[in-house]
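Next, two complexes with subunit A in common: one pairs it with subunit B, the other with subunit C.
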Partner chain A sequence: MTFLEYAPAPESKAILKLKPEYGLFIDGKFISGHGKPFQTISPSTEDPIATISCANEQDVDVAVSAARRSYEHIWSRLNGAVRGKYLFRIARLIQERSRELAVAESWDNGKPIKESRDVDIPLVAAWFFYYAGWADKLDYAGLGADPQPFGVAAQVIPWNFPLLMLAWKIAPALAAGNTVVLKPAETTPLTALLFAEILEQADMPPGVVNIITGAGETGRLLVNHPDVNKVAFTGSTAVGREIARAVSGTHKKLTLELGGKGANIVFEDAPIDQAVEGIVNGIFFNQGHVCCAGSRLIVQESIHDDLIERLKSRLSTLRLGDPLDKNTDIGAINSPAQLERIKALSSAGEVEGATRWSADCVMPAKGFWFPPTIFTNVSTSHSVARDEIFGPVLSVLTFRTPAEAIAKANNTPYGLSAGIWTDKGSRILAVADELRAGVVWANTFNRFDPSSPFGGYKESGYGREGGRHGLLAYLKSGAPATFKRSEKQVPTSASPVKAIRRSRMTKRVV
Partner chain B sequence: MSHMMIPKTYKLYINGTFVRSESGRSYQVFDKNHVFVANVAMASRKDARDAVVAARSAFSSWSGASAYNRGQVLYRIAEILEGRREQFIAEILQAEGGGRANAALQVNETIDTWVWYAGWADKYAQVAGNTNPVTGPYFNLSVTEPTGVVSVIAPKRPSLLGFASAVAPVLVSGNTVVVIASQPHPLPALSLSEVLATSDIPKGAVNILSGNPAEISPWLASHADINAIYLIGAGDLNWADLQASAAETLKRVVPPEADNDIASRSLERILAFTEIKTVWHTKSLS
Partner chain C sequence: MSSREINIVTPKQDAAIAPRFNLILGDNPSTANLRRYLSGIPKVDAVGLEQRAAALSTRSIKSTSKLKSLDKIIELIDLTTLEGADTPGKIRSLAAKAIRPDPSDPSTPHVAAVCVYGDMVPYAVDSLRYFNKMRDGNSIKIAAVATAFPSGRASLNAKIVDTTEAVAAGADEIDMVIDRGAFLSGHFDQVFDQIASIKAACRRPDSTYACLKVILETGELNTYDNVREASWLAILAGADFIKTSTGKVSPAATLPMTLLMLEAVRDWYQLTGERIGVKPAGGIRNSKEAIRYLVTVAETVGEEWLQPHLFRFGASSLLNDVLLQRQKMKTGHYSGSNYVTID
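The block that comes next holds the complex of A and B.
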């Protein structure tokens, strides 16, 4: 045993009380779906965890009807303070069951338990706690008095942060007064179904939150359902495009949180040890299955060699393996399909001429694994510098001047995240101004907070999640129009003068 | 001795210059009594693409101008309009009819619209942005920024006020625009380009196309270098197809407004064409 080896320290699965089968959670009850059931498996062992129902068209319709009923008759009629109290209850129940949720998440998703335990689940609780407080304060959200919910929200979430993405979607939707039909990803449905049990424990009125499971087809049926008023999606840019096309002409309110190819810019005066930790966190956190990952390292030429040496040395200490082991740094790739994609893009990187280096990890015999990998000698035209890999693969580019760093960082159709590492405060502010990205981390990376808006520029999507701005994705102005009338002005009718006079008179009378 | 009138040649306004359509096409514009007024340039796909190139080049200078400066430039548009009000009243009257008082009122409201938005230039960011009380040693700030290049389909009527009500809120935050003017009544908007040309707004920040929106707008909706499309005047076009086409590049799309209150002034119109950027800064004594 070298000093790097640790005795196994697995978190026990005994805390879980899973059912062998899970139905769809519709109108406050678990019911069987009419689609073909599927299994959710552990990506680290390939062992089956549970059998999951699949919602077909009929089930989606039942779920949307339940959400509509509960919107009309229950949720939109409750006052904000009561809605808030339900959300506070949920936040507390999540805290109480946090270890169980963390174990379920790591088992089903493959992410290290230290991440699900210390990052995902605490943020889930914080997200509900934050938005709970908004529910009776919507007049202060920035849309004027008495803003209104949209109605029924269709929400489709990805597999990389299953329960956290659920919280990002459900907490603001409910606080604003919408009801929800949510579809978790087909490879990671488990914690959403445990969340349904939490809704039961919270005595949530039936139909306010409905959880339907299935693959892409179920999601397609949900977002295309004519009785849905709001669509929120987090996932790939390709699917985001498809959804944007599908809702066009419908007046459904749409928010999209899509892919990224985040630039992590390191200047020569950066605090180098912190930068190394930040780069590692930026791209190897959650196996790189992070839409805002810092997947492009853009480093000043003068420190390139030194930084790469330090990175390789640091990566060689990362422990890859059992996600439930408390010492694990790198868990399993979520699915065989994702592993294939990572392998294909990495091979393309080599073929195109970039230099590949992978940490020397022992891969477990079963499950889906990919070692932390760095590409150097990357040019801006290489596919590893352009395509989102969504895996533990870092592409390294260099720059000489700040202007070149900014140009390279912005040279992407994406615009989700970026990082800046330098000791010079004025440079941080100037570079942050120039980056076309929705979230910029200065001397840190991959920080999240329920009060902080998150979302992209350009093809990384639109709308924000988190903070006051995240609430606005689920609210419309109280005035009947899309845009409220700020002052009385010329109407567009044939006789504006008369109309103006009328409106002035009305004003005087009032 | 009577003066023989010299009719004006109405051209497109692209990259700060007045140009005929590269296609050589024009179309006839008639007054309210269906009497011929002018042959107006009929913009082509190529003209639209040239306008996008101009708008993209102007983005850094216009969005990079100080908020105070952008406010002054928008205010200057109002000043110059004020000096030329008689010309615009005559053009509106000729195109839309409805009496002199209404035309004058439309010019007044247009001037006031530019002034109203001018005043927002250095304020909207304060109203729409905020600090965020995150957990941990970070200073966290959310600020608004312009979305980029925005394509606008201006309303048919009111020809001048509709144009200003659609363009001013997009422009104020630093976006640059490519506008398709009212097809039946393009002359007030094309004359406004003369105002813009002397207003100190950077060349290319506003580009005005006259022509058939049904022909040009699909090229703009699918153009990869446009970030958002404002369909305020597209109510009678097949705007669902435009929105679907815009989805290919994930443009922000603001559909035609339900109540058709084209001339309303609102902060939300400004914010519809902005992005929220959130910056996390570490805090440390060492």
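The block that comes next holds the complex of A and C.
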């Protein structure tokens, strides 16, 4: 046995106390849905994890009316400080249960435990902490005095960062005073349902957050529900288009965070070893299931060969396998459908004439796996350089001058993210200024912070999540709202306990 | 001062290192040439480097891998005493510990080397003579710090005498310090010439060379860019090992600094096919930390570097922690500091 064959170091699933079946979380209770229940499975072993309810039209209606009731009578009447206290409480509970959430996330989604443990879950807590702080400071959000929430927010999130996307959606919505009906992806509902338990633990008033599970149809029913005021969606550009069409002409506000084909530009003076790390982190983080992935490497011709050699030898050290093993770098592809898509697009790349190289990984017999793959000799017209693959596949293009790098980076219908690698500060600023991407990272990639807005240009969507800008997606500027400020039930004491009691009383009175 | 003739050699004259710099610099290691070459080496992004080191630190080494790592660490230790108060008795005690680190378990491997001041070399030779005679080829090496360790503030002649005397007394390895003042003031040629001269002084009468470890003292060079340049400079000038620190300056070895130096030797290997050793020294006090270094070596330059002629830990208190961990792995319970020997 060689030293590098690290002995297995799996995180134990014993920490999880899962139920065999999960209902829909509506109005503070788990109830069974009326659609056909489905299984959520582990993509690394194909073992079933739990049976999940499916919400049909009737359930969606119940969920939206619960959210409406709760909005009218509880949540919008609490003052910001009290809303903030609930959010702080959620954030702390997430920290307390972080290990459990990380295990559930890796099991259900297939991502390596080191990522769910060190990236996803800490960011989830950070997001709630951050927006908890905003809840009583909305007057300073830049929308004038006393900005108002929209009402009921319908939120549909993807499977790549299940709990993190939930946090990105729910935290600002609640801070701003909206109530929420959220639908997690059908392949990764588990952590959203654990989050529902956390809401119970936090003594959240019923109906403020409702979580309904189901597939695309449930999502369609939710965003099309007439009593929804705001729709927020993260996912594919195709579905985003459909939602935009459905919502147009209604009063509903819409934010979309869609696909991407991020350019990672490496200049010849880049800190090369760190650039290699950044490229790996940019496209192989989370098996490349990242909308802002740096899937196009645009490298200066003079260092192309050296960089690719370094990249290949680095990729050879990546460990593919059991997502719950603490030493795993590359986990499982989330679903057979996604695996098929990655395979199809990669084959197309080969047919079009790009050179394919895959790391020599041993693939487990069961589950859905794809090795880290690089395409070289890629030109801008190849499909691997244009289509979002959403998998561990990197396309390498070259450039000769900064102008060419910028032109190639911008030559995509998407505009979500980009990276610049150079030792020259002035070049970072000059190039970043020219890139049409919502996020530009300099000498790093895939770094997130709740205080930093995130979102896209062009077909990557509109609206921003995170930071002050993220609040604007859930607030309307200070025009007179449905009630006057004096009518709000402002608790006389700052005690959260009292505030909660008051909120409950309000509920009962209604 | 010794009456021996002091022979300051320029690298050109020395066959042992000529190929290295000729390959890269032609026959003129002037400051201008060196600076031009070193400034062409890709720069280091501090945030990215530290992130990578932190990521390598999260590897989880369990059960069989852990036991294997603990033995490996022992095999890679330069057991060190570098005190003003060192005596022949102290050296004998250190040597005994080097031979048999854990008297309660004869399966414990011996360490790679003992590292002492130059004047203590004869006592170390004496203490290890019998053991080393019995183990042909797999001996415990004797490393001597030289060149006005730890500051390096002495004339070149004094440094050369320091070195030749240690080699003559039987040191297998010389741990020299670079002139950090010269490096920081930009006199790369001076640093280069000193290393080359010490390399020449490592030559034994039978034309073999003592292994030369070049201490960069990363805590004084301060920036990652400086350390990367100094690593290349030392390699070009003839280093067999590049070593982080004397252990007398804080911070001593850190994982990012060591990772950076490993990247330099990896790149040198890619360029020339020649393997240079790396020795982090100072500040590595427990097994957990040492295992992170093993992981970093294996995942940066490859597992073949985890051999005494290519990787060492300069440490003193590390050994006892490794022994405690090892006893725990074997017996299933923790013992305590009284169950390992002080040296």
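We adopt the following convention: the second predicted complex is superposed on the first by the 478 of 510 C-alpha atoms of A that agree within 3 Å, B and C clash if a C-alpha of one lies under 4 Å from a C-alpha of the other, contacts with A are read in each partner's own complex, and residues count from 1 in each chain.
In this section, a residue touches a chain if its C-beta (ideal position, glycine included) is under 8 Å from a C-beta of that chain, and two chains touch if they have at least 3 such contacts.
All values derive from a computational prediction rather than experimental measurement.
**Q** Just to be sure I read the superposition right, which of the two partners does A:469 touch: subunit B = first, subunit C = second, or both, or neither?
**A** first
**Q** Given the superposition on chain A, which partner contacts more residues in subunit A: subunit B or subunit C?
**A** More residues of subunit A are touched by B.
**Q** Once chain A of both complexes is superposed, is A:236 in touch with subunit B (first), subunit C (second), both, or neither?
**A** So A:236 meets neither subunit B nor subunit C here.
**Q** After lining up the shared chain so the two structures overlap, which partner does A:118 touch, if you call subunit B first and subunit C second: first, second, both or neither?
**A** In the superposition, A:118 contacts subunit C only.
**Q** For A:443, decide between first (touching subunit B), second (touching subunit C), both and neither.
**A** Touch status of A:443: both partners.
**Q** Considering each complex separately, which residues of subunit A are in contact with subunit B in the first and with subunit C in the second?
**A** 443-444
**Q** Using the touch rule from the top, collect the residues of subunit B that touch subunit A in their complex.
**A** 98-99, 101-102, 105-106, 109, 112-113, 116, 127-128, 130, 132-136, 138, 140, 142, 147-148, 155, 157-158, 161-162, 227, 239-241, 243-244, 246-250, 252-255, 257-269, 272, 275-282
**Q** For subunit C, which residues count as touching subunit A in their complex?
**A** It is residues 42-45, 47-49, 51-52, 58-66, 68-69, 72, 263, 270, 294, 298-299, 303, 306 of subunit C that touch subunit A.
**Q** With touch defined as at the start, can you tell me which subunit A residues reach subunit B in the complex?
**A** Contacts found on subunit A: 126, 142-143, 237, 240-241, 244-245, 248-251, 256, 258, 413, 428, 432, 435-444, 447, 449, 451-455, 457-459, 461-462, 464, 467-469, 477, 480-487, 489-492, 494-497, 500.
**Q** Any idea which subunit A residues touch subunit C in the complex?
**A** Residue list for subunit A touching subunit C: 1-9, 114, 118, 269-275, 277-278, 309, 317, 326-327, 423, 443-444.
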